[in-house]
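Pasting the structures in now, so scroll down.
In what comes next, chain A is part of two complexes: it sits with chain B in the first one and with chain C in the second one.
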Partner chain A sequence: MATYAEMQQVFEDIKDDFRYDHELNGCLNCGICTATCPSAQFYDYSPREIVQLLWTENVEQIYDAMQEKIWACAQCMTCAARCPFKNSPGGLVAIMREVAIKHGMQSAKDVLRPFGRVMLKLITTGNQLSPDMIQPDHFPDWGPNIQKVEGNLKTLRKAIPVKTLQTTDTAWEVSLKTSVEMYTIWEMTGVLDSLELMDENLFDVIDDFIDEKREEYEDWLEEQEEDDDD
Partner chain B sequence: MSDKQKPGNHNTDAQGAGAGTMKPGFHNTDGQGVAGHGSMFQSTNLSPEEAVAATDWVRKHVDRRTIDLGERMDDVRDHMWELEKEGEIIVHRITDAHKPEIVQTLFGWDKKIPTTQLWHHKSCGQCGNIPGYPTSLMWFMNEFGYKPGVDYLDETDQTSCTAWNYHGSGIGNVESLAAVFLRNFHQAYVSGQRLGHDAGHFFPLVHCGTSYGNYKEIRKYLVESPELREKVKKILGKLGRLVDGKLVIPEEIIHYSEWVHVMRHRIANELQKIDVSNIRTTVHAACHYYKMVHEDAIYDPTVLGGNRTAPGTSIAQALGANVIDYSTWYDCCGFGFRHIISEREFTRSFTMDRKIKVVRQEANADVLLGIDTGCITTMDKNQWIGKSHGQDFSVPIMADVQFAALACGADPFKIVQLQWHASPCEEAVEKMGISWAESKKRFEEYLKEVEQGKIEYLYDPKLAVGG
Partner chain C sequence: MGDTVLVVGGGPAGLSAASGIAAAGKKAVLVEKEDKLGGAPILSGYAKLVPSGEWAKDAIGRMVSEVEGSKNITVHKSTTVTKLDGEVGNFTATLSNGQTVQAGSIVMGTGFTHFDSVNKPEWGFGTFPDVMTTTQMEQMVGSGKITCPSDGRVPERVAILLCVGSRDRQIGREWCSKICCTVSANLAMEIREMSPQTDVFIYYMDIRTFGLYEDKFYWKSQEEFKVKYVKARIAEVTKSPDGRLLVKGEDTLVKRPIVIPFDIVVHAIGMDPNEDNPELSRVFGVGLERHGYIERAEHYTNTCGTTKKGIYAAGAAYGPETIDDSISQGRAAAMRALSDL
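Let's look at the complex of A and B:
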């Protein structure tokens, strides 16, 4: 159980985000946000409640909401489009999620676990998902008629008349240089540190992959230089 | 009548005005109240003409596009020009060469939509899952005689915006999102140079609704926050992605559906081959298109009365489809970013309850059109499972641009790539008078040629290699 001081620190970190003042301008408890919220229909979640907790600086309840509730938000931003105060409850949730990760909260770790494959794909290739991840085996609830033509995935992708889309392990072909640039972004913005805090095993796999790709890129650059010298 | 019930003096005490007025828990139980004329009613004795004049203000059309917002709403583009003047940034301009069309956004602000010299900024969900979306778009450009490498470019030097992951898992931050935005858009800015064009030749056309919303939000933060600019400048500098030591920020963020919107009359007048007036068409506008940075979304008085965002509906309307409204139009699709991956019960329940069932029961729709990756995936793939809860509803799901391509004679498989869809798209295709079985047979024959390396392309594959 967190101490009050720890909970206070969590709240301070939320407030310190420069977006906080954009996203929270006041609240009359009108509840329009909750009335339009898809998640409120299915979960014990209310954007109005989130805004009220932050507005009244209820640090204990804020901490409590970060254990589960904030992960119910679908991030559709309907609440933000509707709020008469121009609040963005969804935007506030995004800040709270970032802070949950920064503090290594268990709720964030639990949420991230099923995201492992997606995260690996995104960090290493710059693509969020790929055709080989969207196969019938992975989504039995999508039914037997998941696509209209049977056949080898590679052949079906080759039949897309756009060169960049003829891939199976990325959504489109991303050049190696581009992926390597992404690694620099992840490092310099602390994303890899967050990942290490959340899932050390996943981080190790990604870290090895990044080293490999960077070496591959260095080799390619050397080859280019040699070709130029010739 | 008591003195209390004179005109202008209605219900002035806490007891109400007598029979027929509304009391807590006893609403309108006597058949009068607000639904009828209560005891307080008095005729004004106005002539019909006077009555019309007296109530004119009620009928007056309040148009949000004429509202003077004063200081309540800032236009981020004004600040961009100031920053450019101060030497802080370079604005990637939409020039006459981009042949822009001017449209109006929510508050009546002008927005320039470039119609040519476009850099396709692809969507990970779209390319991975609904490839008929980008292919239909590029097919249209070819049909209009656009020259690949001159009038549009599709290349490998680009990444996802990474916002799907951010909204889903919380991993990432404003700095990483901003650096990705600036990296991709810098590439768009310089992409033409390898083909002999000037910097800025190609203007980015964003395929994904979430990328579009995210980029607009991040652009705002970049313009407002010198600290954020300073932080990402270091990153972009290290990547060699500054121009004269400055960040490049685009004049407008353009969604592909905005291109379709401004091209809709040309599509209908110059390319349409199939009458779609018999197609009962519903539209789901993507949340991240018009609920994020909502002041920048396109509204048009000729589309849904200007009360709802126009893209998606406008092309269906221009093609002459029978556009049908439904009560949950404003609802999200249920995608949820993390929910579609790890809270699937929410996603499929919401999409069935609030979208599929409603467009089927209320609108008896032949097709539900989307303008974004996530929505189309969600609504397309989660219909079959509804049967397990007794919700046996289905409706074909496709993007506006796929529907338009079909109406203009594009092949349902080779170009529109409907083979990747799970929803019963064959029903919509057949109703449009296109033989699904014959098209499928042709495509299966074509697959044999593909296996032998005989592949048809929309553009020379060599153009794709960038970076």
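Let's look at the complex of A and C:
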């Protein structure tokens, strides 16, 4: 259990976010956000409750909401489109999630764990999903349709009339230079730091991968120079 | 010339101003853009007024008769002011009927425009025939029979949604329209009186039956007429397969989202600035405040003043206003205008 000082710090970090005052103007307690919220229909989650907790600075309940409730939001932002005060409950949830990650909360780790494969693909290639990730055991919701992507992926890709660059491990071809630039962005925006906090093993795998790619890129640059010298 | 006040607008404020000027032995020229006097209560067919309980056609009708019967008042209907020259003590107004009016001062009782509910499409107005505005429900009460426009059945349940076109930053209406809570409580009682088998629910963010309206309307509607109040702003109105309307909201006190069937949904529409205000501002040279209403001068020593000397305003021209206060302000503006003659 966190101490009050720790919970206070979590709230301060939420409040200090540069978006906070833009997303929260006050609250008329009308409930239109919760009425329109698809997640509120299925989970113990209410955008109005989140707004109220933040507006009334209820640090203990804010901390409590970050253990489970905030992860029920689908980030559809219908609440923001409806609020007569132009608050953005969904935007506040986004800030709370980032703070949960920054504080290494277990709830964040639990929620993000199933996304390990996607994270790996996204951070290393910039592609969220690639043909080789579409496997029957990962896509139960496809039902019998999943059969259609079984077999020789390369051949299947060729059957698609639009240009697919014939790759199967990415959605499109990513150049080495683009990848290396992307790694710099992940690094400088703190994405890799967040990842290290959330999943150390995944971070190690990705970190090694990035090192390799960077070396590859250095080698390629050297080759170019040599070619130029010739 | 030195004994005439130009009054613009023939609603409660303008009628009251004109009659006040006439009573003081001076002349009033009343210009009304519609073809009859009485303003919103008459033109929109309001039922019984708050707080008197008198029918609008009788109460406001009395004001109209008084003005039309006064030898000191000249009325121009279906007419607007197209041009204004001169200054306090010596204005010349050109009217759309080609006539000119010499006046020492001017009172603007130019009122408001009802909010157009099609600007909140998620609440079903214009999509479902059984969704209507408070003015339409007032007309229905005036006609003596409460029925669903779609098929003529007597409604089992009526929902009144408050703050439609008020207190809503999403559509740039950041004001409380002041009258709708009391009007809705009054309307709910009228519905219950005429159609006892119809239950009425009012969905609110706050109830603002200010001053003496608290017990006379808010409490009475609950205690004597069993009107139900639910603290919720409705997310959307849809239609169920059986043809009834589905109202989706959160009962914020019970804290769960709810979907409830209704037969009629009434929008308690707010008061927009008069849609002609940009034009009125240009013709009369008066400023508008940030919501689009006529800007009020310093109030304590320049009561009823606008940003232009010699031009005064009263009633809903300044912002959402009750009929009674519009009438009082009309008299106050007349007093100010008379002192310029």
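Keep in mind that, in the parts below, the second predicted complex is superposed on the first by the 218 of 230 C-alpha atoms of A that agree within 3 Å, B and C clash if a C-alpha of one lies under 4 Å from a C-alpha of the other, contacts with A are read in each partner's own complex, and residues count from 1 in each chain.
Throughout what follows, a contact is a pair of C-beta atoms (placed from the backbone, for glycine too) under 8 Å apart; a residue touches a chain by one contact, two chains touch by 3 or more.
Quick caveat, the model's predicted, so the values are computed rather than measured.
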Inset, instruction - Look at A:120 in the shared chain and tell me whether it touches chain B only, chain C only, both, or neither; answer first, second, both or neither. - result: neither
Inset, instruction - Give one of first, second, both or neither to describe whether A:81 is in contact with chain B, with chain C, with both, or with none. - result: both
Legend entry - Touching partner for A:108 - first (chain B), second (chain C), both, neither: first
Inset, instruction - Specify the partner with more touching residues on chain A, choosing between chain B and chain C. - result: B
Inset, instruction - Considering only touches as defined above, state whether A:46 meets chain B (first), chain C (second), both or neither. - result: second
Legend entry - Touching partner for A:28 - first (chain B), second (chain C), both, neither: second
Inset, instruction - Look at A:194 in the shared chain and tell me whether it touches chain B only, chain C only, both, or neither; answer first, second, both or neither. - result: first
Legend entry - On chain A, positions contacted by chain B and by chain C: 36, 41, 81
Inset, instruction - Note which residues of chain A are touching chain B in the complex, please. - result: 18-19, 36, 38-39, 41-43, 71, 74-78, 80-81, 94, 97-98, 100-101, 108, 111-112, 114-115, 118-119, 122, 126-131, 133-134, 139, 141-149, 151, 155-166, 170-175, 177-179, 181-182, 184-186, 188-191, 194-195, 198
Inset, instruction - Write out the stretch or stretches of chain A touching chain C in their complex. - result: 25, 28-37, 40-41, 46, 48-49, 81-86
Inset, instruction - Report the residues of chain B in contact with chain A in the complex, numbered from low to high. - result: 122-129, 131, 134-135, 138, 154-160, 162, 164-176, 179-180, 183, 187, 213, 221, 225, 227-228, 234-235, 238-239, 241, 287-288, 290-292, 294, 330-332, 334-339, 341-342, 344, 346, 348-350, 354, 381-385, 413-415, 417-422, 425-426, 440, 443-444, 446-447, 450-451, 455-459, 461, 463-467
Legend entry - Residue ranges of chain C touching chain A (in the complex, touch as defined): 122, 163, 167-170, 205-206, 231-236, 248-252, 255, 257-258
